[in-house]
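Got some structures for you, see below.
One chain, subunit A, appears in both complexes that follow, with subunit B as partner in the first and subunit C in the second.
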Partner chain A sequence: MKQSLYIAFKYLLFHKIRTLILVASIGIIIFLPNGLQKLIEESESQMMARADSTPLVIGTKGSSTDLVINSLYFRQEKIENMTMKTNGELKETGLGYPIPLLSTFKARGFSIAGTNLDYFNFRKLIISKGRKFSFVGECIIGSRVAEKLDITVSDSLISSPENYFDFAGVYPLKMEVVGVLQETNTPDDYTIFTDLKTNWIIMGLGHGHQDLSKTLDQSVILNRDSSNVTANAKLFMYNEITKQNLESFHFHGSPENYPITSIIFVPKDIKSGTILRGKFEAREILNQIVVPSKVVETLLQSIFRIKQIFNTVFVLVGFATLLILGLIVTLSLRLRKDEIRTMFTIGSSKAKIFEILGLELMILVLSSFLFALALYFVTGYFVNDFINYFII
Partner chain B sequence: MIELSDIKFSYPNSEFHLSIDSLLIGTGEKTAVIGPSGFGKTTMLNLIAGILIPEHGSVIIKEKEINHLQDSERRNFRIKEIGFVFQDFKLLEYLNVLDNILLPFRINKSLSLTKEILENAQELAASINIEDKLYKHPSKLSHGERQRVAICRALLNKPSLILADEPTGNLDPANKAHIMDILFDYVDNYSSTLITVTHDYALLSGFDEVLDFEKLNIGI
Partner chain C sequence: MKKLIVILLSTLIYFACSEKKEGQTINETKIKRIASVNYPLHFFVTKIGGSKVDAIYPIPTGVDPAYWEPSVEDIILYQEADLILLNGAGYAKWVDKVSLPQSKMINTSQRFKDKYIGLEEGQTHSHGPDGEHEHKGFAFTTWLDFNNAIIQAEEVYKALANLLPDSEETFSSNLQSLKNDIADLHKKMSAAAKKFEGTTLVASHPVYQYLSNGYDLKIISFHWETDRLPDDMMWEGFEKTLASSKATIMLWEDTPLSEVNDKLINLGVKAIVFNPCANTPANGDFLSIMKTNIVNLVDL
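This part shows the complex of A and B:
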């Protein structure tokens, strides 16, 4: 057996490329159904864990799936904004506490989520480097954001403009990174967290500019009377919040009308949650309230149906691969007829020749299994990407 | 002594028939087999080696009627007693020279690959000037070198009978002479028997006997 193994190994090693192609193709065929199964199972468990840990989500009426995905994964589906007024109303119910969320902007491909510090306590997020934000213009980044953008505390991030052709639109804001979160294997790893006010500044609802009452440049003044000063477009607007210009930042309008995309509501207990849902049913509070786990369950059911189709496809592909493998073995035996005859002539038994050929096949299949196993273990690493690209 | 008597052989679905009434080859003899193509020279070598079994008659080598042995006995007899040299070398391209020489020891349980055998292989390779090619693959060698590798493989087990099927067919004149010298030296040194099929009449002077299939009482 040892000698047969040696010859079989030498044969496969000599035909490296052929061997690698065979191992890769068989390995991938073995991996695909199992890998997809693992991805779906892990995705299901991660998505359900995320959903289960979020008791209630409130947003404007519309797609409950979009609302949950935006609130749990910060995927910026086009959902209508609601106002901070609802946040106040929810707080006043005394049934629990609301966590407002505003997720509309991005920075270098990662979502910016505006929220308050309650969110960090609610999700039990730990700061691994730096501190929590305490001023507008500061942000905390998820571990994967830090890793992928290669940035850390005291670096900066610039919010992406929403529309490059809208010159009168939102200007990018340079934000200082003050903290990096510990890895949680949740969407929080891929998110940039800021204070709600920072988001409103990006939206243009708040801004900072040179003090018109002190300016010496009269060309910037359009009109001045006893109570108002109106500036023209020459007025310099700050696109970075620093200690020097922090005080110049201010907001216009009533704070209760400021936009948010959704609210996570954490009830005191199950009963409080039920009462709150009743209030929504009774239309005492407008907007919609959803239980994320129920929404995610519905979403996953559709994915399982698609998985059934994939499984059928994999069975057919696997069968086709087996047929091709059979063809390869047959053709290979025909090509190696001369070699087999030589071995037989110089004293090998037919059984020994079959042993060598069988061992070659066994090494191929085993290597393919190992390759498939390696892919299977690596799959776990891509669960979040899989969820992001294929599920939500 | 090799004795073939009253041999009758035919291939299935073929019009080819070989019959040999009687043929004796003495131990230690160097015998050349000549004759036109298709007269059954290679078939006769295969009958002597026990690879083909005659429909009638007997093949006796070293007082053993090998056509009546069991398959495994015949195989073990062949690997221990017979060394094969082919015109097209029959080396395995995926094994290096040393592994090709050691191949009989890797494919038959009755031979064990020991350190001594490995040393013998290296010495044998050195004696025919291919010691620096041991770790090369056959495709990197010249025809003459490949035939020397094939001879090493055939001789490593010190066989009492060497069956060579046109061993110089693919070689240039200088290599032909060299290859035949190696085979003749071995036969002289080990009192072995050599049966060589050849079309090269210039080589016949080195043989003790010449069997001409056209003139002998061999029917096809």
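This part shows the complex of A and C:
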């Protein structure tokens, strides 16, 4: 047996390339259905965990999937903005507390999520370096953002303009990184967090500039009367908030009308959540309220249907591979006819020859299983990418 | 056998001690930290909350809390509080420029927000002909109308009772006692205000809008500082106002400079200190300062 194993092993080693191709093709066929199953299961559990930990999401009427994806994963789907008025109305209900979110901007390819400090307590996010943001113009970055952009506390990030051809649109704002979050294996790792007010400053609703009532430069004044000074476009706006110019930052218009993309609502208890949903049903509060777990469940059901199609394909491909394997073995035996005859002539029994060939096949199949197993374990590292590229 | 008993006893003692420590931690976490943005609210918290809460107020004396500029450490103190009590009406401008947990913020004047007094003075600005204006804002020394002060104290009570329902009874009885004291102030102030019916008062600073509104006082405000001498233009404007209003009493937030006081006496104007008590007083507390304010008006 030992000698047969040695001969089989030496034979496969001699035909390295053929052996490798066979191991790889059989291994991939074994891995694919199992790997996909693992990816889907892991993705499902991660997505459901995120959705389950978010009791209610409120946004403007439209696609509930887009609303949930934007609020939970900050994917910045084009959803219509709502106003802070709804946030005030929700707070006044006394049924829990709202966490407003505004996610429309990016910085170096990562989403900027405007929110308030309640979000960090709600998600139990821990700052691994630095501190929470204290002043407008500061930001906290997720662990992956820090890693991929190679930035840390006291570095800075500049928000990307919404549209490069819109010169009158939003101006980039230089934000100071004051904290880095501990890794959570959630979308928060890939997000830049700022205070809502910082986002409104990026939008141009708030800004800092010289005091118009005291300025001596008349070229920046369009009109002046006893109650109001109107500035023209020449007025220089600060694109970075520092200790020196913080005092000059201010907001225009009513805070109730400031935009947000959605609200996460954390009810006191299940009953409060139900009462709130009732208020939306009765149209006491406009906009839509969704239970993220239900929306994600529906989304995953569609993916499961695709998984079934994939599984059927894999069975067929597996069957075809087995046939090809059979063909390879048959052809190989035909090619090795002289070799087998020589073995027989020098005194090897038929059983021994069968044993050697059987062991060759066994080594091939075993190696393929090991290869598939290695691929299976590596798959775990790509769950987040899989969710990002194929599910949301 | 003896060894076994010793080991068992040691284990029991160890676990008994551990449990006690856990119990202590639970008790410690029950002390909730309540941060306020001005002294009147801080005073209400200490009066209503008593020893059940840890009242946080990092604003140094001698600074106007409405225009205080906090450091990062100060902000962290507010961020870590269990409750942040705001005065509302645009008080504490710094709140608009910092990040605080919204769920812990309580606007104590929310109930009478429709009665906020808009500012008429000052200049706003806008960007471009169609740009939205910046608001002039509201007067914010809301507590000088003692009816407002009672409402704000009630809001403080509600917030504390929500946070610590087990201590609601204590808070309720403390609130009642505080309300009685403030109601007494209101009664005395209403009586004192009757003395000024049909007359006009002048004030060194525009901080008495709610006092004026709550007690039907006609007050014309200037922008004079207690530690600075007004220039000639300011005196000129003041004298013109005196001539038209026939005012003989001027309210000050603190004792004015002696040179200013002398000149006021020459003009036939008596300077009266009516301290809004926005920040911690050097002596006394909110109630005693307000009592002194009223006595100053009565003892003219």
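To be clear about the criterion, the second predicted complex is superposed on the first by the 365 of 392 C-alpha atoms of A that agree within 3 Å, B and C clash if a C-alpha of one lies under 4 Å from a C-alpha of the other, contacts with A are read in each partner's own complex, and residues count from 1 in each chain.
Criterion: a contact is a pair of C-beta atoms (placed from the backbone, for glycine too) under 8 Å apart; a residue touches a chain by one contact, two chains touch by 3 or more.
Owing to the predicted nature of the structure, the values given are computational and were not obtained by experimental measurement.
In the superposed model, A:F133 makes contact with subunit C only, not with subunit B. Contact with subunit B, but none with subunit C, is seen for A:D338 once the two complexes are overlaid on the shared chain.
In the superposition on chain A, contact is made by A:I346 with subunit B only, not with subunit C.
Looking at the superposed arrangement, the partner reaching more residues of subunit A, out of subunit B and subunit C, is C. Of the two partner chains, neither subunit B nor subunit C is touched by A:D150. In the superposition on chain A, A:H250 contacts subunit C only, with no contact to subunit B. Once the two complexes are laid over each other on the shared chain, residue contacts for A:D195 go to subunit C alone; subunit B is not touched. Comparing which residues of subunit A touch subunit B with which touch subunit C, the overlap is empty. Per the touch definition, subunit A reaches subunit B in the complex via residues 3-4, 6-7, 10-11, 13-15, 338-339, 342-349, 352-353, 356. Interface residues of subunit B facing subunit A in the complex, by the touch rule stated above, are 49, 51, 71-72, 75-76, 78-79, 84, 86, 90, 92-95, 99, 103-109, 111, 113, 137, 153.
By the touch criterion given at the top, residues 91, 97-100, 116-118, 121, 131-136, 138, 195, 197, 212-213, 222-223, 226-233, 235, 246-247, 249-254 of subunit A touch subunit C in their complex. Of all residues in subunit C, only 69, 72, 75-76, 79, 96-103, 123-129, 131-135 touch subunit A in the complex they form.
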